[in-house]
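Step one of this worksheet: look at the structure below.
Chain naming follows the written order as A, B, C, D and E, and within any one chain the residues start at number 1.
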Amino acid sequence: DTEITFLACGDKMQPAHAEFIKKWEEANPGYKIASEVVGWGQCQDKVTTLAASGTPVALAYVGSRTLKEFAENELIVPIPFTDEEKKSYYPYIMDTVTSDGKQWGVPVAFSTKSLYWNKALFKQAGLDPEKPPQTWAEELEYARIIKEKTGIPGFGVVAKTFDNTMHQFLHWVYTNNGSVIDAEGNITLDSKENLEALTALKDITPYAEEGPTSYEQNEVRAIFLDGKLGMIHASVGAVNRLKETKIEWGVAPLPLGPSAKGPGTLLITDSLAVFSGTGVEEKAIEFAKFLTNPENQPIYEAQEGLTPLRPGKAVDEMVAANPYWKPFIDGISFGGPEPLFTDYKGLQNTMIEMVQSVVTGKAEPADALKKAAADLEQYK
Amino acid sequence: MSVRRSTVVFAWILLFPAVLYVTVIVAYPLVDTLILSFTDASLKKTTKWVGTANYDKIFNATFAEVIIRTFVWTAFSVAIKMIIGTFGAVMLNAAVPGRALFRVLTMPPWIVPMAIGIFMWGWMYNGQFGMISGMLQNWGLVDGPVAFLAHGSTAFWATIITDVWIGVPMVTLYMLASMQAIPQDLYEAAWTDGAGRFYRFRRITLPLLVPAMITMSMLSLIATFNSFDIIWILTQGGPNGDTTTMIIDTYRTAIGSKKYGEGAARAVLICIFLSIFCIVYFRVTHRLASGESR
Amino acid sequence: MGQLKLSKVQKFYGTYEVLKGIELEVQNGEFVVFVGPSGCGKSTLLRMIAGLDETTAGDIVIDGKRVNDLPPVKRGIAMVFQSYALYPHMSVFENIAFPLRVEKMPEDKLKARVEHAARILHLDQRLQQKPGMLSGGQRQRVAIGRAIVREPKIFLFDEPLSNLDAALRADMRIELAKLHRQLKATMIYVTHDQVEAMTMADRIVVLNAGEIAQTGAPLELYHKPANVFVAGFIGHPKMNFLPVVCTGVNDAGVEVDYRGHTARIPVVPRGSMAGRTLTLGVRPEHVQTGAADLTLTVTPSVIERLGAHTVAYASLGGEGENYCAMLPGNIAIRADQQVLTGIRAGDCHLFDENGTAFERRVKMTDLDMSLFDPAVA
Amino acid sequence: MGQLKLSKVQKFYGTYEVLKGIELEVQNGEFVVFVGPSGCGKSTLLRMIAGLDETTAGDIVIDGKRVNDLPPVKRGIAMVFQSYALYPHMSVFENIAFPLRVEKMPEDKLKARVEHAARILHLDQRLQQKPGMLSGGQRQRVAIGRAIVREPKIFLFDEPLSNLDAALRADMRIELAKLHRQLKATMIYVTHDQVEAMTMADRIVVLNAGEIAQTGAPLELYHKPANVFVAGFIGHPKMNFLPVVCTGVNDAGVEVDYRGHTARIPVVPRGSMAGRTLTLGVRPEHVQTGAADLTLTVTPSVIERLGAHTVAYASLGGEGENYCAMLPGNIAIRADQQVLTGIRAGDCHLFDENGTAFERRVKMTDLDMSLFDPAVA
Amino acid sequence: MSQPAMINRYRWYELVGIYAGIFVFLAFILAPFVEGFSVSLKPLGLLFSSPYRFWPENGSFEAYRTMWVSVPGFARYIFNSFFISTIVTAVVLVLVVPSAYAFARFQFRGSGALLAAFLAVNMFSGAVLLIPLFRLMRSMGVLNTYFAMIVPGVAFLIPSAIWLLRTYMMRIPRELDEAAFVDGASHFYTLRRVILPIAMPGITVVAITTFIGSYAQQFIFALTFNSKTEYMPLPIGLYAYFGRQEVIWNELMAASFVGIAPAVILIFLMQRYLVAGLTAGAVKQ
């Protein structure tokens, strides 16, 4: 049998995928999927090390943000998508895997964020528990009130030296019509919209938990789950956890900034990338598409609690059954993709540094933004 | 063949397997690294010889900061390790019931996989749910949570303390062993002359431990200078780069950003620093040894 | 003052009784030497007096005060260790000054004391050196210096010279004797070396398996050993022991028979004697060539010619009945050739079946100085 | 066969010359002892003969064959170390058998040899024990056993008895002498101990600072030391040296003057003598009480009474002019009281300004056995 | 029970001081384990709750059961760790014993420099050499086998083992070698029959430290050079508790405690040996 090596991230092969693999192998005699699962912490580095040392896997689960770098270094092959295929996805999703006009990965997982709030804390602070903030101004105001009235931080700021610090900041950016890089590859970070976003983040920090630079988003979520935060930005995954607690919660679209055009969020996708030089690229692409086709993907998404990649009847049914899904789907319309940079680690580090310097009061938003914008040039 | 020659040949025969092994597994990759440091190696398939460009690039203001931070971090860590380790050794050297058990209890930080130990410290430093912040609040020493890894200065110290924790068992064990090598009759002589316990410690134990302390300091200096996992897992060099040491910077460059060439240049610099330490160490111990035996 | 009294002193290690009820009084200014075979408990006893080891039972009394529970420094003793126990990182000055530093003596007074001690011990030139740079004898003197400065009532020495070579040992011996006269302090000294014991001691305490075998002035032990153990232990080469049978008692002493040779030994008889098997002891140095009160013809198997003496070893036939004679250096004897040897009855010792000596009825000029006529000397 | 010849043997450590051209011949079956002060190069020389240390220059010839470049085993030597160097993890049997195992001797032959050696050394009962369970003397014997089984031509011993106590040392000395007679092998023996040297050696080699000071039979060195060094080194207590002035030469010998006392020393004069400052040597054991050829009145400051002897130390006034007398045990003298001491001229040694001895014109019965009349003995 | 020597007799306040000192010291050493233990007892849902409570409310040993379920291969990982460490220790000893002997006994040109070079290996944490090492492992064809973890593991444990054993061997009297040499034993025979048995206590200490070094600390090599689940050692196994969405902290901690238990027991049994052996090393440095 010809082996197709498949590196998945996580603690074990998802049951849905395991099943699809079996199906695919039956349909494609002579091929065998040799899968390996690596924990999240090391997954990305392992893929890279394997590729760098000349023994790439055929197919790997990667964050879409790494695709451009792999592509530039000719480690991965482009994936042909028909227009029909492209159109089946929610807007912007294709953008997260597109660079130089080509697609470099098959989107496999998708996440968006919404605002969660603690109704009991709202009540305690004298706010209307059924009225979540809709603008940054309200968000800031509520956070302040909660902090002052209850002594409990009103909003969870994420600023640890960790990738989702950048993600969390991009939520602010995409709820104010901002961007980091435009289609021509110009850095657009130093803009009015982004300055508003960074300033808002700075302003809300005094009402956030103590030491935001030591918390990443899951840790902030944990504080929220403990009832010690008024509001957070989090993915749909928080819902299941909240159900296990006594918290009275609500979920709403992310509040919007002054320049916003409509509900927005950061669109993060993970993709299946096909590495070059394995000799089974064609089959790997085929397999990747099989895993994520409109028939299989929803099963996987449902199992994992992921935001659906494609609109459709199934999605409508899901929203109908679980109304909390609504804000997560709604945000997609004005959302923005994770920007693609050649050196995404460079991008990430620059953004984290910028956020941290503002959150810790080391720099003014305008200066931090300017410096970061300049630094980003080298990572395009 | 003379007797002398044959012993030299035999010595080399004995050494050959280990030398060969280390040469292949360590020296060869090391040379690889050195060569890499003069190239623009990255994820790209092709690499170009760039001369000393990587080294030129390193020397900027931030890197100077990183070097200074590395030295300060290392110095504090080694010093505290030595102090706590020696303190522990002194306590465990006391002939009190339970001493054997206490000695075993000092060793877990050495046995536990380092990452696990660090995770446990990460828990302790957590402002909301961690032990330290929690205890301090329970005792009313602080009001509200304190996130130790969130602020530049506390994170700096927190990483040092964790590094100390991992290094202490070895120091304690070694100092304990050295202490037991001090002849008992010195203490008896001092005691007959009326020297109390603390006086004996100050005037006999401490000075006689100096050579062992120098050796241990050197060994832990090397380990500490290269200490990576602790900072990486706890703070990844943050916040604001306040815990970024040379090894973190190197890793971030080489593995994180995949600039293998630049990373290798940084690695070479680390080796140069460490070599300097080694030379100083050999000088010092040599001087000590010749001073004592004369 | 430096009076020491041990009463019923016992020491157990676990259930093993190392010292079995020691009774001893040491006068102020006395130089007492402990000797005995290895493992007999000399060091243990010394360390108990010092306060380094615990006393299982019995009292240790210094100057009328029971000190069992006092730490060493409060007992007014100073100890010199076999290994010297010098502090390798301190100069000679600091080593000697150590006890004074402990008691926080003012600097000028301390300096005077240390320098005084150094002068006595001829260490003035070495004060700034480290012990590692000194010879064995000098190290030993530093150790003594450290003991002197405290001006203790009692000095304790545990084989202080055993690490030195013969020549140095002889010198140090004389220096120590001088020091004793100079300081007039009580000294208790443990040694393996007979010569040290004989030359330095006012009184020797012979220990055997945790018990005192005999206490007495050196020559008293030499001339009047209380038992076979002491007789064999003191004196080198070892005393010859011959199994004899008592044939009778008369005014002149006890008549004994050794393989047909008879002699009358001038000792005080005890109880009924005739027919008992006794042990006759005679020191090799008291065996002469030519006939005497007891004349034996022997064939030496080994002759050791040391220049000043000739030592001849012979077997008297019986198992272990070795016979040794210390003869003049230029004596004309050869190995494996018969020699006629004589022993004077007055030089003989006699022991009963239990090894207890019969009191000798001889006058010894070297033992009792009053027998000397000073004018003669 | 076990003949050894050293010619022009030199040893350098770096630029430091430890041995300065040693010339020595050792006959088959001879027992040669090296003595000398610490650091004079005894061990170094022995180790060079063994092949453990390299010879810088000169030849080491064993049985006519130059062995400088041969490993020890090919030289036919066996060595017994001061520390015994027993293998702690092996039984006594295995320790002794070690050299035979190395040469892969068949088991039965090996067993026979080891048992034979063990019998000679009275180790038969101990063969299964580990060295740790043995006493010092037994360990020493095991070490010797290991040397014996190889049946070497030459045995080398480096201070083999120095770790033993006095009594054991005396026993082992005699056993070694017996062994030498039994094996008839050449033995070279390094020691610090005078008694060992005097009693065991056929010939003593006195080393001083890397050179041979004198070679000769023990009593030859005792009676006819070639120079001041050997005179002072051999004999204990040390020989007394007095500065004298030669006043003339006559048939009977050389006339010297010591502080107004004159004596005629029976030595062979050399060159012009009168007026020269010479050194008179006399051994403490040759000093007597009462007048003699040279009579000195001294005031002993220290009297050591050892029982068999009394040793008196006096100062003759001049710096370092110490005077020591070894007198009978029961002599009637006291410290700080004047004594008249006499020295017989025939007992005296005389040395010139360079320390070279004048040949003595005396006959010594213990030196020349032919002088004995065997019938007398 | 025999009394302690007089000099070691403590007064009550000294005893209090010593025990207080030991308590403070051990508190520092063990605090993270206490924290870890308390985490392992808490149900996942209650892990993140404030205010901080030292004793977990409704804590249970549930995690110690579920850990075997959620990472089914855990027992295998422990076995692998044992297996890899055993082989590593054996290989290290085979390489190190002769070298340590050579360094302890023979002076030849370059011996000092070579020793220093060995020490220098300690300076490179494997992380720096990862990429070249990977290439090397691949060309040797040992990727994804036990050897992938054993080969580099050995290399980085050699230096300290040589250092420790050399100091131990320097204490073996040189006369033992010389005696054997005089008796005609070859160098190799001497090493095998004389030195090895005598150096056994030292070798034991080196074996223990090497074993532990390999047992607990070999992480990065296992991660990079091996992909086969069935060969994974303990530290990687522990990483398996980092689930897809969330770390299963309580099981991770429980598994850590279970995983280090064998090594702790080993240390406990050997501690007398360990301190004594290190003492030997410390005497001469």
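As a convention for this text, contacts are C-beta pairs under 8 Å (C-beta built on N, C-alpha and C of every residue); 3 or more make two chains touch, one makes a residue touch a chain.
Going by UniProt, the chains are B, E = ABC transporter permease; C, D = ABC transporter ATP-binding protein.
Fair warning: this is a prediction, and the values are worked out from it, not measured in the lab.
Participant: Return the chains common to the contact lists of chain B (ABC transporter permease) and chain D.
Facilitator: Shared contacts of chain B (ABC transporter permease) and chain D: C, E.
Participant: With centres defined by CA atoms only, which chain is the most remote from chain D?
Facilitator: A
Participant: For which pair of chains is the number of C-beta contacts greatest?
Facilitator: Going pair by pair, the biggest contact count turns up for B-E.
Participant: Rounded to a whole Å, what is the gap between the Cα centroids of chain D and chain E (ABC transporter permease)?
Facilitator: 56
Participant: Could you give the separation in Å between the centres of chain A and chain B (ABC transporter permease), each centre being the mean of its C-alpha atoms?
Facilitator: Here chain A and chain B (ABC transporter permease) have centroids separated by 38 Å.
Participant: Quick check: how many Å separate the C-alpha centres of chain B (ABC transporter permease) and chain C?
Facilitator: The computed centroid separation for chain B (ABC transporter permease) versus chain C comes out at 58 Å.
Participant: I'd like to verify one number: the distance from the centre of chain A to the centre of chain E (ABC transporter permease), where each centre is the average of its C-alpha atoms, in whole angstrom.
Facilitator: Averaging C-alpha atoms per chain gives centres 40 Å apart.
Participant: For chain D, give me the residues that contact two or more of the other chains.
Facilitator: If we look for residues of chain D contacting two or more partner chains, we find 51, 71.
Participant: Which residues of chain B (ABC transporter permease) are in contact with two or more other chains?
Facilitator: 128-129, 145, 188, 191, 255, 260
Participant: Provide the list of chain E (ABC transporter permease) residues touching at least two other chains, using ranges where the numbers run on.
Facilitator: 5, 7, 47-50, 130-131, 135, 239
Participant: Across the complex, what residues on chain A touch chain E (ABC transporter permease)?
Facilitator: 9-11, 14, 36, 38-42, 46, 49, 52-55, 218, 222-223, 225-226, 228, 237, 244-245, 304
Participant: List the residues on chain E (ABC transporter permease) that touch chain C in their complex, please.
Facilitator: Touching chain C: residues 2-3, 5-7 of chain E (ABC transporter permease).
Participant: Across the complex, what residues on chain D touch chain C?
Facilitator: Result: residues 38, 165-167, 170, 174, 177-178, 192-195, 198-199, 218-219, 222-223, 234-238, 283, 285, 302, 304-308, 310-311, 313, 326, 329-334, 337-339, 364-366, 369, 371-374, 376-377 of chain D touch chain C.
Participant: What residues on chain A touch chain B (ABC transporter permease), complex-wise?
Facilitator: Chain A reaches chain B (ABC transporter permease) through residues 45, 48, 51-52, 69-70, 72-75, 159-162, 209-215, 219, 222-223, 226, 228, 343, 345-346, 349, 352-353, 356-357, 360, 362.
Participant: In the complex of these two chains, what residues of chain B (ABC transporter permease) are touching chain A?
Facilitator: For this pair, the touching residues of chain B (ABC transporter permease) are 42-45, 125-129, 144-152, 155, 235-241, 252, 255-258, 260.
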